[in-house]
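Each in structure tokens, the structures are laid out below.
Both complexes shown next keep chain A, but they swap its partner, so chain B is in the first and chain C is in the second.
And then the complex of A and B:
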């Protein structure tokens, strides 16, 4: 047991950090329910009966294209998570389980991807995507994001796979499972918590990204929600009600995804595997 | 069930040779126990038989079929791991039936076989539990159940009881012995435990540094160990060794005195020998003439009716003798021990048995 004093200190620091992190979000949500004048005059006050105004939300839901932007964002995020987890787990399994010639070199090459920002290659990526006729498609975004997230995913997942006792894989081999079945029926279920971690790490930057949507899918109804919100930000006049409302609603889908993944995080699935 | 035959088996990890020229036959239905000090290659040998470790050289046959190039599943073996290695995300029934599911066995048959194994191992009330909800002994039984349901030709056990407490270990040992009779199974079993080895085995194989030192029936190894290593390894407490020289009338132990022994043909007078005698064959204050050694008591260990006396001999060597009842000795007392002439072991300078 920790001493009460130090436990209190830890909780105080965590609480303070939570306050700091949550403050801007609360501000956005609060102000999204207020009239324009009240947003500027009393930005720190919660919406009161006389300042309450859901005009931002009616503009957002009234806009015929915004639902598609939401859908685009969700598709890109979920697609990226799926591809990253699948290919990442397969690569991690191969790299940590099998001894082959270029094993170490390949692992090193992948880990370089963690250190080098993918945006440095933006020009080449645009050329590549254009050559493949994928400009203004969600496929382009999913592929680029998967490439961006794969190195870290492989790194984290192979650490977890290395922790699965060797006896378990060998028991499965004695049980007559093929290598694919060992991966599908033993490894994947056991690294679920790790996959949830990777999913959360992957999801947030992808959902929030403005860079690649702007470069690769800026028009043609394939904009993501971050790009879609920009239509309310004018050169001369900005519809702050709508911007705040759109941002507030954009929290919901990631929140739902997070809740789904965090349930996997909590459970220590490997307990009881050995001794 | 089937016979396992191992010929000239070698296994190297890189430059390190872990198994050196192993020859071993496990007869159909036999219970063979591998013992040896830690790191001598027992697990490696077992894993080679299972097909989890490719061998460097030699032949392994199971039931007359050469299996060197077969995958573990095709060898019709089942392995029980020291760590149990149960699948943590499945319940007991699923754990036991898992292998059958992938072998394409019909659902009804899987259920029947799992139920049968659960009945034999008294796991019926636990079938719906996850491994983490079981005690160590229950997990061990599930691991054995998983092996049984596949009806393998050969069972391989790697120190299956070493994670259990003493009482449970004795219980499970008895269960395994019964199971062996019931299934008439061929079993290769690795253990550190002398008692397990002596009680379970039809044949004990003593390994040391990647070689087989001796193989034979438990009592054969106990009464006629082939060399110093086996003599020191089998039996607890270990055999006492006294260095000496062969004389025409027996063995000269130097400061400890000379013993009059009928010498075997192989003993050349003047050559160095080691005399071995087990604690249970040394009698405190015994009366056998010609085979007495003076000694000083260093420590008395009482285990109840029996006990051990640690003795300092005149030469400075230490020996342990077994006692029964209260012999009225204490630390520092002077006494003498008599060696049982029927149970003396003589080893030559190369460590091999002379008599």
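And then the complex of A and C:
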């Protein structure tokens, strides 16, 4: 990077690619605030006072159940994160702290779930969920997503637990703390950063998934926002204001979360958490 | 610690995770494979059929034609990712990891952004952009005097699959970029300094010093791409529906599986054949992972710093 010419070339390539990456997103959000005529006549201009028109948004939030779908998505995502972190941290603690005969075998058993996509078991998952009378419930989604995210969570968390100095636990044991209390009061607070990483990794794919909501909770007001937007788009396909507004309402919350958590996420990725 | 207490501890801590994981992940996988060995009767019962379903899938023309078509399309889908997504990801990572680069974090965050969004949103946004109705894509080509190149790419059989693949590449290029970028950052500066002292320029140093060191990561990125591509569904479904039009030109294993299992305008749902296709996908993915483990990973020398 000593020569200014090559520095310019590097910035030109990265800048152009960045434009390519954000252009569609900016375009959709920008046009969602415009009147129909302006969407078609001047698609590349930002909304101006004379072209501003929030009609799309009033249609999205007026005629449809999208606000409820948001709530469903939040419930499913938060529920999954909670259950994954709780059961995952407990298992990670047991696997890294207690050396028993089936230890390695269990770790191998869990690693199947990292390599093989759980989607391939969908036929049996539907039959199972139907037998449990959980079709069109958010519970079914939380259970399946937790099973899907558990293996990676256990691996990230147990790697982290293994780094906690042994003396700390031994000291607690000498003080007469039970194993349950050691986990609850010493281990859990210490692994909080790793839990944040797991939460971010779990959150995005669960929020964005289309497959399991389509299979397990396609109707009955239990749709997640991703599926809800998909169905909404299908119905309003010719209403460009509504379509652009629906797309924007799906994009913006994720972007806000991404901006808040991007450091955590990139740090998680760059610390080799997905390897 | 007494044996009983120890056992109780293990059950308490491991139990919930193992039960959830076994019931909702491992059991369904095994049951699906088992399902593929039975045939679904009209009255809803299941009859043992051995490998009959696989024979039907591979040799009965009504099944084998869509199957080979989907498999071929899936390979094209995968090849485009390997030829475009991963090289572009590598290039972006190489540029991002250059020393003393300004705006590094900004570029990284913005380029990674599409990866965060739902495939449904991405698919629809691109559908609008490429639509002749809105004409954004056409307008762009016209600015460069290339207006004659414009066609409804998503609607034509010859170009639909490539277009959908490139949209997927556009969305997921952030993953190889970040993984390779991380591997590049882990290379100690002394190595590059030594190479520079020996007279290599930045470009040569990248090719002769850094690239050989990140082969393990490139292997990992390739196997991740393979697994994700042969498991893909959302984008095709969001853009082209379950029928993966035009005329099944964008049909891949995931959409074929969905259609077979759930049924559609053309056929009734069939859980047995659905399971058979899922088992085939499982085998394909397994072969991919095996190739990675035995061929790639064994040959790779691991460097420790």
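Keep this in mind: the second predicted complex is superposed on the first by the 208 of 275 C-alpha atoms of A that agree within 3 Å, B and C clash if a C-alpha of one lies under 4 Å from a C-alpha of the other, contacts with A are read in each partner's own complex, and residues count from 1 in each chain.
Going forward, contacts are C-beta pairs under 8 Å (C-beta built on N, C-alpha and C of every residue); 3 or more make two chains touch, one makes a residue touch a chain.
On a predicted model such as this, the values are computed, not experimentally measured, just so you know.
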Report for A:184: first if it touches chain B alone, second if chain C alone, otherwise both or neither.
-> neither
Classify the contacts of A:146 with the two partner chains as first (chain B alone), second (chain C alone), both, or neither.
-> second
Name the contact category of A:10: first (chain B only), second (chain C only), both, or neither.
-> second
Between chain B and chain C, point out the one touching more chain A residues.
-> C
Touching A:176 in the superposition: chain B (first), chain C (second), both, neither?
-> first
Please work out whether A:165 is in contact with chain B alone, chain C alone, both, or neither, and reply first, second, both or neither.
-> first
Applying the touch criterion given at the start, work out whether A:118 contacts chain B, chain C, both or neither, answering first, second, both or neither.
-> second
If you stack the two complexes on chain A, which partner ends up touching A:252: first (chain B), second (chain C), both, or neither?
-> neither
So which positions on chain A get touched by both chain B and chain C?
-> 269-270, 272, 274-275
Under the touch definition given earlier, write down the residues of chain A that touch chain B in their complex.
-> 165, 167-168, 170-178, 181, 186, 189-190, 269-275
Would you tell me which residues of chain B are touching chain A in their complex?
-> 47, 50, 52, 71-73, 77-79, 81-89, 98-99, 102-103, 130-134, 136, 146, 150, 163
Where on chain A does chain C make contact in their complex?
-> 1, 6, 10-11, 13-15, 17-18, 20-22, 24-25, 27-28, 39-40, 43-44, 83, 86-88, 90-91, 93-95, 98, 100, 106, 109-110, 112-113, 115-125, 127-128, 143-144, 146-148, 150-151, 154, 179-180, 183, 204, 207-211, 214, 226-227, 229-230, 233, 240, 243-244, 247, 250-251, 254-255, 258-259, 262, 266, 269-270, 272, 274-275
Taking the complex as given, what residues does chain C use to touch chain A?
-> 6, 9-10, 12-14, 16-18, 20-21, 23-32, 35, 88, 91-92, 95-96, 98-103, 106-114, 116-122, 124-126, 128-129, 134, 136, 139, 170, 178-179, 181-182, 185, 202, 220, 227, 231, 233-234, 237-238, 254, 257, 261, 271, 274-275, 278-279, 281-282, 285-286, 289
